[in-house]
Amino acid sequence: MTDLPDNDLPHALLTGYRNFMSGRFANESLRYKELAEQGQTPETMVIACCDSRAAPEIIFDTRPGEIFVVRNVANLVPPYAPDGEYHSTSSALEFAVQSLKVKHIVVLGHGRCGGIKAALDSESVPLSPSDFIGKWMSLVAPAAETIAANTLMTSGERQTALERISIRYSIANLRSFPCVDILEKKGRLTLHGAWFDISTGELWVMDRKTGDFIRPSGE
Amino acid sequence: MTDLPDNDLPHALLTGYRNFMSGRFANESLRYKELAEQGQTPETMVIACCDSRAAPEIIFDTRPGEIFVVRNVANLVPPYAPDGEYHSTSSALEFAVQSLKVKHIVVLGHGRCGGIKAALDSESVPLSPSDFIGKWMSLVAPAAETIAANTLMTSGERQTALERISIRYSIANLRSFPCVDILEKKGRLTLHGAWFDISTGELWVMDRKTGDFIRPSGE
Amino acid sequence: MTDLPDNDLPHALLTGYRNFMSGRFANESLRYKELAEQGQTPETMVIACCDSRAAPEIIFDTRPGEIFVVRNVANLVPPYAPDGEYHSTSSALEFAVQSLKVKHIVVLGHGRCGGIKAALDSESVPLSPSDFIGKWMSLVAPAAETIAANTLMTSGERQTALERISIRYSIANLRSFPCVDILEKKGRLTLHGAWFDISTGELWVMDRKTGDFIRPSGE
Amino acid sequence: MTDLPDNDLPHALLTGYRNFMSGRFANESLRYKELAEQGQTPETMVIACCDSRAAPEIIFDTRPGEIFVVRNVANLVPPYAPDGEYHSTSSALEFAVQSLKVKHIVVLGHGRCGGIKAALDSESVPLSPSDFIGKWMSLVAPAAETIAANTLMTSGERQTALERISIRYSIANLRSFPCVDILEKKGRLTLHGAWFDISTGELWVMDRKTGDFIRPSGE
């Protein structure tokens, strides 16, 4: 089936792993050892997109142990639904808030998101009969329809608009979880939105009062 | 509620972002610009855990655009279930395979996994009434029960054993998706398992024939 | 009526004028003399807003003689209407294109525009019975209504969106003037859009192909 | 059509913008930020000409936020005409007086004005069939005819004479607006005329009692 030996990873990954071991791990081996023995205590949970260009550990240059990270297509948070089904994102949220007791949750969106683009394209055909991605992106369907209908904006502007709306939407959904709502009201949990521009590297942070995305002070 | 200005991220993240901009982004700005304009074309999808100590971009020292990453608690893949419900991981899988046409999928587990630990602890109480995490980890419940009952192994050995079993289990579930099954049989998609030891930095790769985890050649 | 002597300007303007004479004019007196004797030959016309924070000569740090500038509320260009009435902006356009033969026209918008804000606020009452400003801003009324109805966007996002849409609208109206249309098609006149962020100083330039506003290369 | 990339402004403007950012904006960034957040509160409105040699911000060396500026050909104010048509200058006037509540209005004319020159030249042919500029300058037609017929004055003297007459004429038209008339009578708004000599840099200020243009005291 493949030319690779049965126990080989793709070449690039193995090469990268060797760089990690001789570089970062060598420098931080004590920290890794401690993190292994004492467990993780991240202060921040990041909900990010699967996109290969928008890894939160890279954008925030974090150290091991610093951020607990969920990644799904378009960094979405479904509304609270205690229905006994499998909920990947809700499980991670519950674990981060109740077990790890994180103090911050950051929803990190980004420009040129393929999931958001699919949501805006009413003509897009399902990728497969099961159409998982279509159903998943239907989480933002009402907003997508409104924005898609706005032909006064360019397609680029519509895309950015929906990317930011969906971050605010995810933050609203976070608040539908009782544990999040209670802790936020007690001042023990803060919810953040951020949007990363792949092309320019600019990070835009959501103002918690207005919902606007602005450059962080000092940039 | 919080001492932070309304548009501020946690201090550590903003500091990290500035390091990223002056370091990595400055060095790779052309690559980011190209990735923005031409879109992402990662060859590999990685299914990893949310754990703050096991980010695949760090372990594999990847460049932007190189890997498409789903992260959920315990790097699980649920079985194929085209039931019209929201499926976070299945959506990402469908997007990676059908739209991005990745050539490799790596399920990356790791030691000291909190989700696996919870699955092994039959006495653990739900973190919240909705018990999302309990339901999510029930994906490996039969294996967890068998392993938990094996008092001949130490608790550390039981944990590692279940971590590795669950990787094999996720790979089996990957094959329950028709698109994965077909492409793997055509030799256009290769499935990999790997397990990262946080304490020592060691990477163990699953032998596709035997299922054993061994050190990659050259380590 | 006023405490000022009959021939005095506001104090700040006279002070500023003296700074001009001892500074800039002293340094550029030869250029002013030449410009007086030989007439102006600006290569660029700028259509800008009256706003006190967005003077094009400041933003583009231009020298005397460099840009021919129309300023009206919200930097609007009405559509071509050869009806024998007074048309302030159209007159200036005709003069710049036909007499001065400028090579570029830049429509320069900006953030926090009071005219655009008024257009978005359906509850705003006329400033006076004649309601000149209401009629003037009705030039962008259809777009304003569409954008105002989009409650998924924040008020700040709606404002920015309409500011940019109205720049594209003005550029489309420029092309309704036969002289502009002909010269642009001959490649002798180029139309530009730009948007200035008062708060950050950022200048965003309209991509002539897509209509998107992006940072100029090198910023 | 053009050699410029789709998103580039004329080279000179981009260079100037960079000078602005590294110079003036860097020095006044706090003031810009404040002006963005708190809005503009200019005390003075200036009605000036589009001429590239007579920007009021340069002549009065103003700071951002200091003057609200309308610019049209020959700095004209049409008479009050509440006819429901688009009125660019009247709209700006209404906005400045009623919304911004400026305390001063300055009509700033200048020497060698192309619009005034056209008005004096009875043989001039329309620049285009629509003849917007001809109609616009007809605002001063009666004065222009009288002055043009005065062959005892040189052409230079006729030009200066009409430039100054048209400033007085614009000020009279300002008073035809009820809001201006009322506020001026209440002493809350002062109307000024000024004339700038491009060649020498001299500023001449209109005496409110006599209408004469004289050098401001201290020059």
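So that you can tell them apart, the chains are marked A, B, C and D in the order they are listed, and the count of residues begins at 1 in each.
Going forward, a contact is a pair of C-beta atoms (placed from the backbone, for glycine too) under 8 Å apart; a residue touches a chain by one contact, two chains touch by 3 or more.
Every value quoted in this text rests on a predicted model; they were computed, and no experiment measured them.
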item	value
Interface sides of chain A and chain C: same vs different residues, half threshold	same
Chain B and chain D, separation of their C-alpha mean positions in angstrom	66
Intercentroid distance (Cα basis), chain C paired with chain B, Å	53
Chain A-chain C separation of Cα centroids, rounded to whole Å	40
Of all residues in chain B, the ones touching two or more other chains	none
Contact graph of the chains (line, ring, star, complete, other)	line
Pairs of chains satisfying the touch condition	A-B, A-C, C-D
In the complex, chain C residues that touch chain A	143, 146-147, 150, 152-157, 161, 164-165, 200, 210-212, 215
Chain C-touching residues of chain D, taken from the complex the two chains share	1-2, 4-10, 12-14, 16-21, 23-25, 29, 32-33, 35-37, 39-40, 42-44, 50-53, 55, 57-62, 64-73, 76, 78, 80, 82, 84-96, 98-99, 103-104, 106, 111-112, 114-115, 127-133, 135-137, 139, 178-179, 184-185, 187, 190, 192, 194, 197-199, 201, 203, 205-210, 214, 216-218
